[in-house]
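In the two complexes below, subunit A is the common chain; its partner is subunit B in one and subunit C in the other.
Then we have the complex of A and B:
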């Protein structure tokens, strides 16, 4: 972080005002005083979200060139373009905390900031485009809808727009799978295989179990995060099972069954060692995703330099003419 | 956080999951409807359906192949804004291609490749995914492989200057579908041309490296430019019938626009002869570069593996 706005009030009074704002459930705005830890937590979370949108363009982008109908090609291209747009709003929200997009990009490329581990899984068939929409975007929405009421104003407002678009993407993904299951046997098998592959990684998108989630408690106290990992994971499972039934696919969990007493579905334990490995950098696509992003950034360096040089020259010429 | 609050938060988001909802704010052509629903698709008097279809394929294949190449840039552009702009351009051209291919299929069902009986594949997709390279009617400028960012800027400039001039005149077509596609397309291609023109100037006057790369791209692509403004006999005859536009008739206008961009950028017009055809045959006749069949192999692979597939 390069610029931290100067503290406008004595910390004690400012801290009280901040605490009161959080307690009332009101928003903190960019010019308000905020504790450094709050600022750092937000930068970490918003940046990670922005990076996820940008890296998330790759697994689906992998199929734009091979989309099997022109309508599907248009839907997919528009979706991946929306992800770039989400990245833009989130980087902008992050900039209100005093970090530039260039610095954030650098932190992504150097591996100091992370992105969602789900994007370190490969897309191996066209059904994955639908499954990502249904399960991955579905899980993301469960995580993100509560963030529309997050305590930091610019983040919450960006999330409102993003959630609307994500829910449209989820509907399109589900609709693709529904259409494919009404097609040939080969297409139905493709859908089932894809769901088998993405089910557990989707459950892992909510993060480790609450007992092992180190940053959760503080984020919840600050109103940055509003629901625990396990609460959201349960919500996602409860919501998804009936959708899977409607689709006619099986979710690959022998322990999945309705629990009358709890009023929720019971489900099995995801493989947390796999999640740890993927986070550690050993996932199926970690290196590929980063290499792709670095190559795009490096290949574009001369263009960004040219644009800067051109803008400077134009500005100098304008000053010259004004004299 | 109470469960009720969570439920109310998530409620509305999932209501529309299996259908319904307003999708009008989304990119054109991504909806769930027939792109030509409600448009009069009667073939105008004095034109053979097969000729109209072939003409639609020329304009439609230009857009489709160009869109495919542009979409290869997705997630690879120098900056997020340029990634979005290139995807947007690819989407616009894809939308134009869909209407034109659908028009071709309606004007001449015989032009649509035969698929297994009962296949649900619509005409536009049968044309896009089940034709061989030699049946594509696009200019070769659209199909050559991508290079660096200067290459995409130059290609889009040469392509959109000529396509815009053509579409502006095609608004007056006696074919209602072509006139409608042209009116919508002209607005889109105006934006594409302006984007490419702005970047052409920026790269020409940016750094030594950007200028060197721009000149190299211009030199490589210039021989492919004249095909955009050279008439195929079919284009000439459809222009005479008031349905199409003779691309040779817009050559002067295209030259003038390009000269203006070159002059502002301080770049000389390349001294390069047009790329020859084979026995006088070029892209419009189905005579392509080696790159097209390779591009189509990727584009068509999933569709061809499932000729009875429903997408």
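Then we have the complex of A and C:
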């Protein structure tokens, strides 16, 4: 965008204006002055979120060709296409902070920026498609709904679009699992086995416990984050237990029980060393996910080059004709 | 912004939700040319009947007011309260006004 020139505001006044905007609960918009730390935090969080959507296409994409009916294939295709769309909304929001798409792509491909650890787990059975919709997208919705009110305008607007579409993702997953649990013993066992594998990694999606999440307090003060990791994790468990009952599956946690006094479910401690290992790159599928993404990027190079060449030739022809 | 010359230009996308409404800004995308920008906008921003018409415009073709001149730019209208209907007192027994 071209901006009409204005006198640069002295930094103190700018900082005061920024603080006042946050204090009012108003949104910060792209060309407002903002502290470097705020900008960096947002770039890291939005980029990681965008990368997660892009990598997140792989576990489910694995089943598109093998989904059991045309209906299920069409649903899965639409869902994976949504993930691509969500990645694009978020990359656009991130670019308003002054980072380019090429830089963001490079940071994913080189592993300098991370994506959600949940996508480093494999999808071993078709029931995993349902479990991912129910638990993984369910956890994502818990995380994302409060982000619709995040203090950075473009991020909040992207989240609103995403949350509307995620609801379809979760419902199609739950419906898939319901269909399977009404089927044979073998299908019911497949659902239970899948839930057993995905329950704990889903709880880890909310990040480390609050006491070990060093950046959380600052993100909350800036209004980037609206709830703590542990609050959201509790909310997810409280929402999910009745859904598991309705489905007739058990959640693999012997410590899971209703606590009348707290008005919440108590639950066990996820294995945080496992989360740390997956983040460090030692999850079951880290290498495979990155290798696939790099190959897809390289294999698509000729399409990008062809589109660029076509645009340049058309522009040259138009100039020629104008002469 | 980045100086990567190979990056496709940025387009801003505006969608008319239904007949009778304005086009509203919905987001942005990169495309090599106007036609591809329109196609991408269809795929990215209207997968669920969100619109009946799309505009795409190159972001570098937009001239925007600066957030820093917010006050001087908009203050002339701030003290012109007489531009609002509520400025005028009309007796309650006067109908339809």
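The rule is short, and it goes like this: the second predicted complex is superposed on the first by the 315 of 323 C-alpha atoms of A that agree within 3 Å, B and C clash if a C-alpha of one lies under 4 Å from a C-alpha of the other, contacts with A are read in each partner's own complex, and residues count from 1 in each chain.
In this section, a residue touches a chain if its C-beta (ideal position, glycine included) is under 8 Å from a C-beta of that chain, and two chains touch if they have at least 3 such contacts.
It should be emphasised that the depicted structure is a prediction, and the values quoted were computed from it without experimental measurement.
Applying the document's definition of touch, where does A:315 land relative to subunit B and subunit C: first, second, both, or neither?
Only subunit C is touched by A:315; subunit B is not.
Contact-wise, after the overlay, does A:103 reach subunit B, subunit C, both or neither (first, second, both, neither)?
second
Of the partners subunit B and subunit C, which touch A:307 in the superposed model: first, second, both, neither?
Once the two structures are laid over each other on A, A:307 reaches both partners.
According to the stated criteria, A:88 is in contact with first (subunit B), second (subunit C), both, or neither; which is it?
both
Quick one: classify A:182 as touching subunit B (first), subunit C (second), both or neither.
Touch partner of A:182: subunit B, not subunit C.
Residue by residue on subunit A, keep only those touching subunit B in one complex and subunit C in the other, then list them.
78, 81, 85, 88, 307, 310
Which residues, counting only subunit A, touch subunit B once they are in their complex?
54, 57-58, 61, 64-75, 77-78, 80-81, 84-85, 87-88, 91, 126, 141-142, 145-146, 148-149, 163, 167-168, 170-172, 174-176, 178-180, 182-184, 186-187, 226-227, 231, 235, 239, 243, 246, 292, 295-296, 299-307, 309-310, 313
Under the definition above, what is the set of subunit A residues touching subunit C in their complex?
For subunit A paired with subunit C, touching residues are 1-9, 29, 31-33, 78, 81-82, 85, 88-89, 92-93, 95, 98-103, 157-158, 161, 165, 307-308, 310-311, 314-315.
Residue numbers of subunit C touching subunit A in their complex, please.
1-2, 4, 6-8, 10, 27-30, 32-33, 36, 43-44, 47-48, 59-60, 62-69
Name, in rising order, each residue of subunit B that touches subunit A in their complex.
1, 3, 6, 9-10, 13-14, 16-19, 21, 23, 26-30, 32, 64, 68, 71-72, 74-84, 87-88, 90-91, 94-95, 97-98, 101, 120-122, 124-125, 128-129, 148-149, 201-203, 205-207, 209-210, 213, 298-299, 301-303, 306, 308-311
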